[in-house]
Each structure stands twice: as structure tokens, then as C-alpha cells.
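In order of appearance the chains are A, B, C and D, and numbering begins at 1 in each one.
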Amino acid sequence: MKDIAIVAYQQSDGVSDAGAVNEVELIMPVLERTFTQARLGSAQDVDFVCSGSCDYLQGAAFAFVAGVDALGAVPPIKESHVEMDAAWALYESILKIRMGHAESALIYGFGKSSPGELPIVLSQQLDPYYLAPQWIDSISLAAMQARLMLDQGLITERDMAEVVSRSRRNAMSNPHAQLAGDVSPEDVLAQATYLSPLRKADCCPVSDGASAVVIATVEKAREWGLPYAIISGIDHRIETHNLGMRDLTDSVSTRTAAKHAGMQDGRVDVAELYAPFSHQEIILTRALGLGAETSINPSGGVLAGNLMMASGLSRIGEVFNRIVGGEAQRGVAHTTSGPCLQHNLVTVLEKA
Amino acid sequence: MSEEQEVVTVVNAPVYLQYNFTAGAAPARFLAQLKKGKLTGQRRAEPEAPVYSPPRGSCPASGRPTEQEVELSDKATVQSFTIVYIPIPGNVIEPPFVVANLVADGANISFIHLMSDCDNSEVHIGQRVQAVWKPEEEWDYSMDNIKYFKPIDEPDVPVEKIGKLSVTGQEG
Amino acid sequence: MSQPEVLNQAFELGYTYTRSTGPVIGRFFTELRNRNIVGIKASDGRVVVPPMEYDPDTAEELSEFVAVGQQGEIVSFAWVKEPRAAHPMDVPFAWAMIKLDGADVAMVHCVAAASEDAIATGARVQAVWADETIGYITDIRCFKLV
Amino acid sequence: MANLAAVVGIGQTRYTTKRQDVSIAGLVREAAVNALQDADLGWDDIDAVILGKAPDMFEGVIMPEVYLTDALGCNGKPMIRVHTAGSVGGSTAIVAASHVQSGTFKRVLTVSFEKQSESNAMWALSNPQPFSTHLNAGAGGYFAPIIREYMRRSNAPKDVGIKVAVKDRLHGARNPLAHLQKPDITMQEVEESFMLWDPIRFLEACPSSDGACAMVIANEELADQAVKQPAWIRGVAMRSEPTTFAGRDEVNPQAGRDCAADVYKQAGITNPRKDLDCAEVYVPFSWYEPMWLENLGFAPVGEGWKLTMEGATSLDEGGDIPWNCSGGVLSSNAIGASGMIRFAEAARQVRGDAGDHQVEGAKLALGHAYGGGAQFFAMWVVGSEKP
């Protein structure tokens, strides 16, 4: 199969409320920076465009249609959309390149979550007969997952606090982070519980924003003369929708996806994990078998800012940044969807 | 079988979500001008760039922001229309009513609005219309400040000129 | 160019959906209306409550209903200090994974408890029925500690 | 270049106003099981599932793949959800095909659905947004002015739309799955049906249906071993343009023309009317048949209506290029599935498996879907023979 590379990645600043900015206005500046980085004029200069968004974040159907207005799609372009995190839009784009129908693609994800009550909005992705009518918010589900781990002695509250502390400190060097600071585990543990056993700091913030990536065949990347990182593997897996039938203390689908993405074939210098809750980072780290040689979430991860529908794509972009920045040779990016890590996508990136 | 014993086959699931909608920057500028009784459009900051009204933030053909504001006339031309015979859910307007795609003088794109004070059977493509505004004290951040458009006594605009008139209308 | 103002307006996105249940969910709801709880037997023999229509492992249709108890044990829980407007209770409560007697798989429902200290993993709970049962998941108003 | 891929199984539900006997999962499942049975395969034979549907607000279930995992046997497999407005069924089939054409998977299941009865299609589409004029009279209100402009440009006789409405319902009467069963429909009945959005009459508009459609798509090796004639994918194309922009031709959108040119080139088609045996084209309002006849190059601009009036697109009149033999969107419209139904019905034709609406000897067929403000297009060409 063709080698495919990432050549550009941009993200907007994570903000809790983007205010008077609509979807197009959220996307345009990010795309402009992406085009500059990839030395492209517009979306006309790539062969395929794919995006990820969710209508319910802002409460209006066809959110992605507004996104097309940011592309300069005249003359018409080859374009598609997933109602998922844009990391799956990247997956779709990779298939398009592998089948020979494109040599390059622009992928973007965006979400303005601030207008709604996100944890309650997300309750409506649960079983529509048994769970959605109870309005079980996403944070409560994660809290039950955390307690399972605490009860079984798989983690301690201090382990969770350490995840938060590292995220805040790492985020200090991430200009787009929403939450950053020199926060110690003790500082976190001193906080009262929010949705017990979770503290507020264990939960990602709600953010508005967008991110974008440009991928291309390695031949094209070379032709463009751009620094790039190779996508050496990508795979995703979903699990049963019945939370009671899953082992919530583990992430089987993440492990399966990592295996199919070939993660085990080499050292992992950096990992960006889409863990909206601190204990989930530990689940993922263990499921992926990551050890001390791996720098986890150097960007701060989504605890530093969670751009719904873009965060998964951003994880891939952040690993790309570490590789082209010379800090890492090989890295893994993880994306999740659904409650308590139900659906997981793993991407392996390598230095060219 | 008594009602109690009947098997459940259908349930009602109320799904009500609350949002705090924020207009985008470009629409907010447009709406602020409407509140003052002015119809505006926006375009890329280039002399020949097309004028969009209502603006949504980008010039969709180019994907660039519409950074320049342009004042429009409240006279417009019928680009096309439909006569609606069924009620719109949640709207008080009684059918049949005319919903027209109108291009304001000075703009290059149509918006939809009501046409009234007219014989529905005489509405036609190229027809000239003008806004009928609500009383000033009722003006809000809304296109509904214009109650509807009504025909005016001006010659029809040839089809190839629709969407290309300047703010001074057919004279310009 | 005029200055943009931030224009906000609250709105409700809401519809009452009419959901047809199909035979499995319909049977569960019918039993709830009669204040009974049933589960369904999965391909590996585990009893799943509420009953799933399709087996997660084999993808086969499931059809063997099993009556389960109205009491069970808390497998895990989250303590909601500040209930949200959409939540079923307006005083602090818990969401819990509850394994009913006779079931092998936990279900998620709310549990009424006086305080966080009063509730624990492993605690026994009992279903509390709504005053009027209509054949819906909320017929179980909540679980209470026993 | 792309690996070969073919449709080896097709399954549909019947289409109807309300499927009150099944859950959402049950509806989707029914089409999937039918497709597996048609291919003589089981759940273990499927490597990945590609799901498509229109806005989540139709059923009020956000990202429904999360809940539909078990109904579609996905536990432990890849599952992806496509949404490209009304064209989604077609786009989903294309994304599914890319799973195989890329060489990444051997055999995948793709499913699309809508259970519109759970809500109401028009409500979801005309949900009033703050700060906007609430004049959105549904899809018909949007497309009626565009049809009016087509009528002006083409000078077509007033009864072209009526003729299409009759023709597609007569086709639908041959298809037991079709929602509307109107074997006795007449031009007069259509003409006398009440006006909704002038010039669109009630019987010139599509119904609102519940339903699902599924296909199994396999690689060359597995398709060669298929139990039934495979429908070989000869070309796939998608195009998008903004909803509105200055100078946009809404009647004959560039995106549709470009998309058709792309898919024809891949399939080696130079004269679609001559080279194709039939087409399943997304015609939710009757006048869109003549409009798309022109947009897709079956007729010169301004003359699409002539094909309709000559009976060229009618199976009953022995037309040379029958369109929508299944009854089309005018006979069944489960929005999220409608595009995939077009793609699947094109495949049924070249598999020689279209029952009473079979075009005899069909070897090459077009499947077409569009969405949004006629701005998103998805098309494929399928053939009975390997490319």
C-alpha cells in the first residue's frame, strides 16, 4: 500500500466560549493557517476534503453544510463528512488515497459545544429506550467507570491526580491549551469531589474550536517539499453498546485497534491519548502497554481542552508536531467516541 | 383483552434540549444594522467581490471572510418564488402565501422573504418589490423587521440582470 | 465596518419522539408496567437486564426472557452533588450500575440516598415504582437502599 | 489504481409511513440480515460496517452507530458513520466501497436508514433558529422556486412533472417494497392533487418513509465466489459545492455535471443515454427528472423534458433509458437510505435480480444521489461484467 504522510496540522485555541463566532468563522482561520503551512492556496489544491462534526453540539441540523462555505468549493470539490470526530474523516481520506482516487486530502473537525449543556447533550447518544430517557450525563458514566477502577484497586485517586498534574504542566508549553498551570497532584487532591469520585480537574473542560490536517502520499509530500510524518498504521474498533457487558476498567477495542495499526512493531516515543477523564488515560496507557519510554500527552491532552469532533484529529496532529519537531521518531495517537471509551481509533506515525 | 394487558409497542420519548444560540460575527453585524432599519450586505475586501446578504461569515465561493460592509437598498427583484399552500409549523402566516427568493439592489445573492400586498397569480420572475417595514419601535435584531415585500411600479428586470443591479437599482 | 455585538438567544430544540419498541423492548416495558422486571438470556448464558435485542458476541437475535428480582447490588456509582435540570431528581442522588438478583449484567439507573456516605459499592438496593406505571424505563422511578 | 469491488448482497426493508413493529435497531437489522442472506453470508464474514443516515434529529439519537453496534454485529469491528445530507445513502455506499477498493478490507457491510416516523421530517428541517426568518417550508419550499426557474428556462409543458409522477408510481407498483402502491394512478389524479408549494403538487412530491437498505461489498476474489451475480463497481464519484454563491446555477449545478463526468470517465461512458441501460436517480420532486436528465448529460440543456414526454424513461412505455424502475424516491423516501436505495437498485438491475421492475438484459446502470441545496452529489456506475 501507498505510504501516506501528514504535512500540516493547525488547531484553534481551545476556549470555553467562542462567543460571536459561528461555525464558518471558527473554521476559516484554522484552514487559512493550514493552507499557509502546507503552502496551498485553498481546498482546490487538494484532491479530497473530509470533515467531522455533530449537529447536536450547537443544536442545528446540517452543521457540516456551513463548513463547506469555508472551503472555497467553487469549482466543486470532492468532499465528504462523518458525523464523528474528524479522526474518522482522516480514516476515510486515507482509504480514498489508498484506492488511488486522491493523492492529497484536507481534513477538518469543528465543534461549538458552548451553546448547549454538553454532558446532557451526550446522554442522547445512549440507548434510546433504556438510557437516553434517564438523561444520564457523560460525566456520571465516567465517574462510575472510575469508581470501578478505584474499588478494584486498579488505580488510586493519587494516580488520577498525577495525570491531571502532568496534563496541566505539559499544557504550559501548548499555546492552544485552555487549562494549563503548575499544578501538583496535591493541589488536585485538595479539591473537593465534583461528581464523586471525580474531581472537576479529572474532567476535560468544554471547549469551542476547530482543527485541520493535510495528508498526502509521500511522493506528493516530497514534491511539495514539506516536512512530514508517515502514517504507518491506522485502525479502529467499536464495542458493545451495553455498558454492563463491557469491562469498563480495560479498553479491549483500543488494544485490538493498536494491534491492527502495528503499534507493537517499534518503540513508541510519544502518545497522544483522547482521554476526557484522568482515569481513562490510565486505562488507555495500560491497554496500549505504554511504558516509561513513552511521553504521554505532551500537549496536555484533552484535559487541557476538548474540542469536540476535532480533538481526535488534534491528537494525530500533536504527534505529527513531535515527530517533525524532532522530539520523537515514532508515536501513537488515540481517538475515542461514545460513552466510557466505547469506540477507539489508533494511528501510528513515524519519522520519514 | 383489557387495556392493562395490551403489550407495549409504542412509547413517547420527549427529547428537549436547551441551547443558548449566539449569532456569528458577520450575522451579528448584519442584524445590528437591521435593528437600525438598514439592510446591508458584506463582501471580501475587494472592489469586485460579490455582495452577500444576509452574510454568514464567508464568501462561500472563495472561503474568505466577508470583511467589508455594504449598504443595500430595500428594493429588490424576484429571482424566483413559490406559493406555499401548507402552514409552516409554528408560524402564524396563513396559506396560501408567497415566499420569494429576492435579490436586494446592491447584492449578488438572494434571500427568502414573504411577498404580500399582491395578487399571488401575478407574482413573476424579474418583478420589482420593496420592503414594507414594521413600525420603528418594533425593530429588533431580525429580518422580521421587514414585514414583507410588496410589488412596486417599476419595469421588470431582465433575467440576465437579476442579481447584478447596483444599490441604485435599474438606474445604476 | 460596524462593530459586532454578541447576540445571544436561548432556544429549545425539542420533539417528543414516538418510538416503536419491537418485541424485546416492548416485552420489557410491558412487564415494567405490571411492576415486574425481566431480563434476557445472552448466548453465553448471562442474563442481561434490560433485555438486549441482539447478542453482543454472536450478533444473534435474543428471545429467552428470564424474570429477575427487584432487589440487587450496587456494582459502581457516581454521586451527583448538584443534579442537572434534566436529571430525574432535584436533590443529590447517585447514578449506579446495579446487578439485580438473578441477573448477570448490571443496569444503569438512579438511586435515592440521603448522602454520599449512605451509599457504597456492594450496597443492596430495591426498585421504587412510579405512582403510575405506563410501560417505560422511568416506571422504575429510582432504586432505594435497603 | 483501485482494487476491484462488487456488490454481492442487497437487502432492503419494505418502505412505509410507520414501521411500528420494530425498534430503530430492528429496522436497520432487517435490511442487514436480508443483505447477508442474499449473499449467503453470516455476521462473521463481515470485516467492517459503514453506516449512513441523514440528520440525527430525525430520530433524536445522537451518533446512532454507538447504539447500533450490536444490532449490526460490530462488537470488535470497525464501524463508521457517514452524513452528507440527502446524498448520504450514496456517499455511504461509496465510503463502504473504498474500504474494499483500497485493499484494506475484503468484505464489508453497509447500511443506511431513516425512521422518520419517530419524529417528523419537516419539523427537523424547519427547526426555527434564533435571528433567522422562519420561512423554511421544508425541502419542497426550497426546491419549488428552482423548479419554477427550470420551467421558465426550458419552456417545458406544464404536465412534465405530472407525467414523471405517474411514471414513477407505475414503476413503484412493480416493486413490492415501494411505499406508495398506486397501480391505477392517472395524470388527472396527479393534476388534481392539492398544491403544496406551487408548482409542486402533493403527488409530485415524495412520501416520507421509514426504511433501511443494506449492501455487502466484496473484493474481486470473494466476489468471484459469490453465490449470485455480482454487480461490479465501475466508477464512483462525489462532488460538493456551497449551498449558495453569487452566480451559482441552482437549476443545473456544476457539482452534478462534474460528478457525472467523473463517474462516466471511470466507467468508459461517452453517451450516457446510449451506454447505460437504466438509471436510478434521486428525484424527490417530479420535475427533477427532466432537470437531472440534462444535468447528467442524458439530454441537451433545455431538452430533458422531451425524453420524459417521449416515454424514454418509462419501463411501461418501453423507453430506451428507463429511470427509476424501482419507483424511485417519488415512491419511497426513507431519507437517509434513499441514496443507497438508488445505488442498490442500480446494482439489482445489473445482477438481473430486480423482479418485476427488471430492465431486460441490463448490463450497466447508474446510481445517483443528491443532497443539501442540490449541492452534494454521489454517483456510481455498476456493471454485470468486470471492468
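Quick note on the criterion: a residue touches a chain if its C-beta (ideal position, glycine included) is under 8 Å from a C-beta of that chain, and two chains touch if they have at least 3 such contacts.
Everything quoted here is computed from the prediction, not taken from an experiment.
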- Item | Most distant chain from chain B by Cα centroid | C
- Could you tell me the distance, in whole angstrom, between the mean C-alpha positions of chain B and chain D? 31
- Distance in whole angstrom between the CA centres of chain A and chain B is 38
- Determine the centre-to-centre distance between chain A and chain C, using the mean Cα coordinates as centres, and give it in whole Å. 29
- Message: Taking the mean of the CA coordinates per chain, how far is chain B from chain C in Å?
- Response: 45
- Query: Residues of chain A touching 2+ other chains?
  - Reply: 19-20, 56, 59, 68-69, 71, 73-74, 117, 120-121, 124, 128-129, 132-133, 240, 242
- Query: Hey, what residues on chain D touch two or more of the other chains?
  - Reply: 20-21, 23-24, 57, 59-60, 69-70, 75, 123-124, 127-131, 242-243, 245
- What are the residues of chain B that contact at least two other chains? 9-11, 13, 15, 17-23, 25-28, 31, 60-61, 141
- Task: Determine the shape of the graph in which chains are vertices and touching pairs are edges (line, ring, star, complete, other).
- Result: complete
- Note on the structure: Note: in the complex, chain A contacts chain C through residues 19-20, 56, 59, 117, 119-120, 123, 128-131, 133-137, 139-141, 143-145, 147-148, 151, 193-198, 240, 242-245
- Residue numbers on chain B that touch chain D, as the complex places them: 9-10, 13, 15, 21, 23, 27, 31, 50-52, 59-61, 79-86, 88-91, 96, 99-101, 108-114, 125, 141-144, 159, 163
- Message: Considering only the defined contacts, which chain D positions touch chain C in the complex?
- Response: 18-26, 29, 43, 57, 59-60, 69-73, 75, 117-120, 123-124, 127-131
- Query: Mind pulling up the chain C residues that touch chain A in the complex?
  - Reply: 4-7, 11, 13, 17, 19, 21, 25, 29, 42, 46, 48, 50, 52, 56, 75-81, 84, 86-88, 95-97, 105-110, 116, 121, 136-138
- Task: Note which residues of chain B are touching chain A in the complex, please.
- Result: 11, 13, 15, 17-28, 56-58, 60-65
